[in-house]
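Structures given as C-alpha cells follow.
Both of the next two complexes hold chain A, though its partner changes from chain B to chain C.
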Partner chain A sequence: MLNFARRYGTLIGFVLILVLFSARLPDTFMTARNWLNITQQLSMLMVVAAGMTIVMVMGDFDLSVGSMASLSGIVAALLFTLGYPIWLALGLALLVGLAGGLFNGVLVALTGILPFVATLATLTMFSGAAFVVSGGKTISGRAIPEAFGNFARDGVALGPVTLPNLTILAAVVVLVVFVLLEQTTFGRRLYAIGGNIEAAHLSGVKVRRLKLIAYALTGFAAALGGLMYASRVASANPTQGSGLMLNAIAAVFLGMTMSEQGEPRILATVIGVLIIGVLDNGLTQMSVDSYVRQILVGAIIVLAVAASSISKSSRR
Partner chain B sequence: MLATSLRTLRRGAFIATALAAGSFAGAALAAKVAVITPYLAQPGTQFYVEAFQAVAKDKGWEVNVIDTQGDVAGVISRIEDMVNQKVDAIVINVDPAQVTAGLQAAKDANIPVFGMDAGSDPLLVTNVTSNGYAMAAETSTYVADRIGGKGNVVMFVFDAFPPVQARGVVASAVFGNFPDIKILDKVTPDVSDGGIADSRAKMEAILAANPTAGSISAVWAGWDQPALGALQAIEAAGRQNEGIVITGIDANPQARAEIAKGGNFEASVAQDFKGIGSATADAVARVLGGETLKQHVIYVPTKLVTAANAAQ
Partner chain C sequence: MTLLSLEHISKAYAGVPALRDATLSIAAGEIHALMGENGAGKSTLIKILAGVVAPDTASIRIDGSEVGIDSPATAYRLGFRFIHQELNVVPALSVAENIFLGRAYPLRAGVLIDWARLNRVAGDALRKLGIGHIDPGERMARLSLGDQMLVRISSAFLSEAGAPARLYVMDEPTAALTREESARLFAVLREIRASGNSVLYVSHRLDEVMALCDKATVLRDGRTIDTGRIADITHDDLVALMIGRRVEEAYPRPITAPSSEIALAVEGVAGEGLAATSFSVRKGEILGIAGLSGSGQRHLLRLLSGDLPVKTGRLLLDGRPHRPRGPAASWSAGVAYVPRERRSEGLVVSRPIYQNITLPHLGTQSLGGTWLTPRRERRFAVQMGNDVKLRAVGPNQRALELSGGNQQKVVFAKALSGAPRLLLLDEPTRGVDIGAKFDIYSIIRDMAAKGMAVILVSSDLAELLGMCDRIAIMRDGAITEIADAAGLAEDDLLNRCYGRNPSTAEAA
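This part shows the complex of A and B:
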C-alpha cells in the first residue's frame, strides 16, 4: 500500500489536478486549444528539463542551464544585429551551449569539482557573459529577423488544429533523449554511473568521457531552450532564462518520485514538467494568485518525496 | 495525503464559487479584467496597479493581477490563458514588441488589450503613459524663465534612446524661441556606468573652457543623472554661487534630495504613476462601455518638482 502510494502518488496527484481543473473550468480547460497552449507554454522548460535529466541520471546537477539559456539567446540576437543569416546565428548560439556544457563537464569530470560548486560558478560566469555581450540591454525590435519571431507563433496545420512549432520541437527533443537514455549503451552506462560510480568505473565504464558528453548535451539543450524562449518573445535579454533552472530541477525531482529506484526517467520528467505547466495554466484561469502555484509545486515535491522516504524506512 | 489536501482545495473552491455566485447577484455582469506584468515588484508598477484596482473596485470589475516575476514569455502564456477564459479586457505593463504572440491571440479573440506605460503598438487599443514632450517643455521653460530669457545653456541629451531624444528636441525648440539664449554645448554622456560620472567629467571640461563667472547660465539635462553629474562638477569647481540653474527629468530620489537642499539643482519633473493607473482604468471603462478610442496614446500630466514640493 505504502509502496503503491510512493510509486504512484505523484501520478495520482497529477490526475487529481486535472480532474479539479476540468471540474472548475468545464468549458475551457479540457479543450484542444488549451492543451496546445499548455504544450507551447512549457516547451522551453520541457527542453531544458530533458537536458537536465541527462546529468541527473548520473546523480549530478547543472545549475547553469538558466544562464546558458539567456546567454544563447543573447548570442543569437547579437549575431542577428551584425547581419548574420539566421541559421548561422542559431548554429553558433547552439555551439556556445555545447562548449559551455563541455566546460562544466571538464570542471566536474576532469578537475573533480563538485557539480553543485562547479555549475554554480559557471552559472555566474555565463550570466556575466550574457551581460557583457549585450551591454545589459534587451535586444529587440527591428534587430530581430521577423522569421525568427514568427517561428514561435507558427505551427503545422493538422486538420482543424495547428500544432505549434515549439511543441513539435520539444517533442522531438524528448524523443531523442528518450532513445538516448533508454535505448542505447550510452544511456545504460549513465544509469550505471548514477547507481554506483565506483562499480561502474571498475567494470570498465569510461566515467570521465561519459560525464563530458552528458554535460555537453545538457548545455546544448539549455541553449536550445534559450533560443526557443528568444523566438517566443522575439527578443533577448541577459536574464530571461534564469527562471528555467529551478523549474527544470523541480520537474526532474517530481519525475524521480515516480520511478522504481527514485532515478530520473525522461518520461517521468515530462509528467513533472506537465504538473508545473498545468498548475500555471489552470490556476491562472481560476484567478488564483500566481504565487500560490509556487507553494503548491513545493508542497507536491515535499509530499511525494516524503511518501517515498516513509515507505523506504517502513521496509527496514 | 495529497488527495486530502486536494479535497480541501476543492472544497475551498466550492465555497469560493458560492461566494462568487452571491456577489454576482449584486452585479449581474461583472466585467473580468486581467492585469499582467513581469514587474510587479517594482515600486512604479505597484503604484499603477493599486490606482487601477481602486477604480476597478468602484466599477465592480473582477480584476486578476498576474505577476510573472520577470518572465516575459510568461506574460505571453498568461495572456493566452486569459484569452482562453474570455476575459473582457487585458492590461499589460511590458514592452508590447516582446509579447506580440500573446497580443495576436487576444486580437484574434476580439479581446481589447491596453498598455499601462507599455509602449505603443498597433495591437494595443491604446497606451497610457507620461508625455515626454511635455516633461521637456516643463523644465526648458523653467530654465528660460529663471535666466530671464538670456544666457548660455549646456544641454545633456541622449539621441540613441527615443524617449530621451524627444525630450531634447522639445528643449532645443523652446530655447530656440528665445533670441538671447545660446546653446553652448549639446553633450551626449557615456551612460554605461549610470551616467553621473561621465556627465561630471564632461561638465568639468566645459567649466574649464568657460572660466568666467556668468559664462554659463544653466544646465538642462534630459534626465536626472547628467543633472546630478553637472551639479557635482560645479560644486567641485567651487562655482556653485554663480547662479547656474540645473534641471533634470524623472525626479528620482537622489534628484529630489538635491532639489530640496535649494542649491543649483532647482527642478525636475515627476511622472504621475497613480494617474497612469487610474487613467488606464478609465480607458478600459470607456471601451467596455462601447466607445472606440481615437487616441493610440493617452498622456497623463506630469508635475514639476522644485524646492517647494520636492519633499512630497
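This part shows the complex of A and C:
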C-alpha cells in the first residue's frame, strides 16, 4: 500500500487536481478548447523539459537552458532585422543552441567541472550574450516577419478543432526524445551512465563522447523552445526564456517520482509538464494571484518528491 | 554462562522470508562464528542485533532477561559493538574523527571540541590493536584501504564510560586486511575473550574461523541448521552444513592443457603504477597474479583493459599490436574485464540483468549499432545466464535484487558474451559463497578449455594455486618472477610475495 502510494502518488495527485478543477470550473476547464490552449501554453516548456530529460538521465543537469532559450530568440530576431531569410535565421539560432550545449558538454565531460557550476557559469554567459547582441532591448514589430509570428498562431484543422502548430511541434520533439532514450543504444548507454558511471565506463561506454552529445541535444532543445516562445509573442527580449529552466527541472523531477528507481523517463516528464501547466491554467482561471500560484506549484513539487521513492535512499 | 540468546527470530522482506525461527546463543567469553552462504540470513540477523531492522518475531535475552532492540542507540547501550563489512568512512575527516563517528566528541568547557583529547583517545583505541603507524590526525583519504579498515575496527575498541562493551559483532573484518593486520586483530579478539566478553564473528574464510572461533552457528535459508563447538567439526563438515551438500573438491580440474600459441604478449609495458613489465599468456592458460595488496595488480589489469594508458612498451594480442584508447577499444578487441568491486565497478545494479550483460556488446546486440532489440537481448541474456548457472527470476530482474554470487555471475555473463580471447579477473570470488565459487571456477576452466587466455588476480593464495598454470608475483608495481604453480606450496608463495625467495635467500 505504501509502495503503491509512493509509485503512483504523483499520478493520483494529478488526477485529484483534474477533478478539483473540473468541479470548480465546470464550464471552462474540461473543454477541448481549454486543453488545446494548455498544450499550446506548455509547448515551449515541454520541448525544453524533454531536452533536460536527456542530461538528467545521466544524472547531470543543465541550468543554462533558460538563458539559451532567450539567446536563440534574440539571435533569430536580430538576423531577421538584418534581412536574413526565415529558414536561415532559424537554422543559425538552432546552431547557436547546439554550440552552446556542446560548450556545456566540453566543460562537464572534458574539463570535469561539476554540471551545477559549469552550467551556472554558462547561464550567466548566455544571458549576457543575449543582452550584448540585443543591446538590452526587445526586438519586435515590423522587424519580425509575419510568417514567423503566424506559425505559433496557426494550426492544423482536425474536424471541429484546430491543433496548434506549437503543440504538434512539441509532440514531435517528445516522440523523437522517446525514440532516442528508449529505443536506441544511445539512450541505453545514457541510462547506464546515470546508474553507475564507473561501471558504464569500464563496460566500454564512451562516457565523454556521450555527455558531449547529450548536452548538445539539450542546448538544441532549449534553443528550439526559445524560438517557439519568440514566435508565440512575435518578439524577442533577452530575458523571456528565464522562467523555463526551473520549471523544466521541476517537471523532470515530478516525472522521476513516478519511476520505481527514480530514473527520469520522457513520458513521465510529459506528465510533470502537464501537472505544472494544468495547475497554472486552473489557478489562473480561478483568479489566484500569480505569486500565490508560484508558492502552490513549489509546494506541490516538494510534496511529490517527498512522498516518492526518490527520497527513499536518503532515509537513514 | 549465556551472554546473549536469540530465539524465534523471523523476518520477511516484502513477503520473502530472510530469517525463519532462527536461534543463536552466545556464551560470555567466547568467539562465536556465524556461518552461512550469502543470502542465508546472517546480515539480517546482525542488523536485528544492531537495531537497524525490526524483526517480525523475536525473543532476545541478555543475561537471561528479555530485552528489545529498537534502535542502534539501544544496541550500543546494551554493550554491542559492530564492525560492518562495508567500509563506512568519511574520507575528508581525520582518523580520530572517523573513530569517533557517531559518538560524542570530548568537549572543553562544554562547547569546544577538545581536539588533543580526541586524538589521544583515538590513539589509545588504535594502540589496542597494536597499530602505531597511523597518526590519529591524518586525513582518512590518505590511508590505504587496509589501514582505513583498521581504523574502522579500532573504533569498536574506543573506551567509553557508561556503556561497557559486552559483545563485538564483526562482519568480514579481514576482507581488506593483510595477514599481519589480521593476525593482530585476532590477538585482540582473543584478549577480548580472555576478559570475559564475547565476539560474534562472520567470515567466509573458513581457515580463519577454524583457527579463531570456539563455537559456530550455521544458517541456511534463514534457519539455524546447526550449532556446535569448532573443535568437534571438520572443515568439510562445516562446508557441507553451509551449502547443504558435500563438496568433493574445492577446485575443478583442468580440462585441457594450455596451447603453445601466445594470446597476449606484454613487452616492456609501463604505465601509471606499473614499472616496465614483460610476460606472455598462452591460449587456454590461466596466469595467476599474486602479491601483497597494492603491488600494482590492479594497475596492470586496468592497463590491459584499456582504462589506463600504455606509456611505453607494447601489447601484442594474437600477434597484432594492441593499443587501446579506452575500455571500449579493449572490449571490441576481445579483452573482457571483471573488475574487483562488482557493485561499484562491475554492474549497473539499478538496471535489469539483461541490460548489464549486453552493455559492452550493444554494438553487435542491436540493429546497425543503433536500434535496440530488447527481445533478442533478453533471449541472449537467458542463454548466457544458463551458461554461468545464474539463478534469477528472469532477464528483467534488476541486478541489485541478486545475491553476491549471482551478481558476480552476471558480471561473468557480461564478460563472456563477446567470446573474448583474453579474460581479466580481479578477485573474482571475493564475497562469493562457496557454492557459487565452485560454479565460477568451473566457468573459468571452461573458458580456458575453449582457448581463452585468463589472467587471475587474487589475494587468496589457495585459489591461485588451485586454478592457475603459472603464477606471476608482483611487488612495487613490477613482476618479480613467474613460477609454475605445480609444486608451489602456499607458504612458499607467500614468502615470494614478501620478496623472500627461499632459493635466492640461501644463495645470498
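Keep this in mind: the second predicted complex is superposed on the first by the 308 of 316 C-alpha atoms of A that agree within 3 Å, B and C clash if a C-alpha of one lies under 4 Å from a C-alpha of the other, contacts with A are read in each partner's own complex, and residues count from 1 in each chain.
Here is the rule we use: a contact is a pair of C-beta atoms (placed from the backbone, for glycine too) under 8 Å apart; a residue touches a chain by one contact, two chains touch by 3 or more.
Keep in mind that what you see is a predicted model, and the values were worked out from it rather than measured.
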| item | value |
| --- | --- |
| Clash or fit (per the criteria above) of chain B with chain C on chain A | fit |
| Once both complexes are placed on the shared chain, angle at chain A toward chain B and chain C, C-alpha, multiple of 10 degrees | 140 |
| First, second, both or neither for A:V172, with chain B first and chain C second | neither |
| Touched partner set for A:Q183, first chain B, second chain C, both or neither | second |
| Contact breadth on chain A, by residue count: chain C or chain B | B |
| Which superposed partner A:L110 touches (first chain B, second chain C, both, neither) | neither |
| Touched partner set for A:V161, first chain B, second chain C, both or neither | neither |
| Which of chain B and chain C A:T239 touches, first, second, both or neither | first |
| First (chain B), second (chain C), both or neither touched by A:V302 | neither |
| Smallest separation in angstrom, by C-alpha atoms, between chain B and chain C in the superposition | 23 |
| Touch list for chain B against partner chain A, complex | 1-3, 5-6, 9-10, 13, 62, 64, 66-74, 76-78, 80-82, 84-86, 95, 97-101, 104, 192 |
| Chain A - residues contacting chain C, complex | 182-189, 191-192, 195-196, 198-206, 261, 263 |
| Footprint of chain A on chain C - complex, ascending | 305, 307, 326-328, 330-332, 337, 339, 344-351, 355, 359-360, 362-363, 366, 369-372, 398, 414 |
| Residue ranges of chain A in contact with chain B within the complex | 9, 12-13, 16-17, 20, 23-25, 28, 31, 33-34, 37, 40-41, 44, 135, 138, 140-141, 149, 152-153, 229, 232-235, 237, 239-240, 242-243, 280-281, 284-287, 290-291, 299-300, 303-304, 307 |
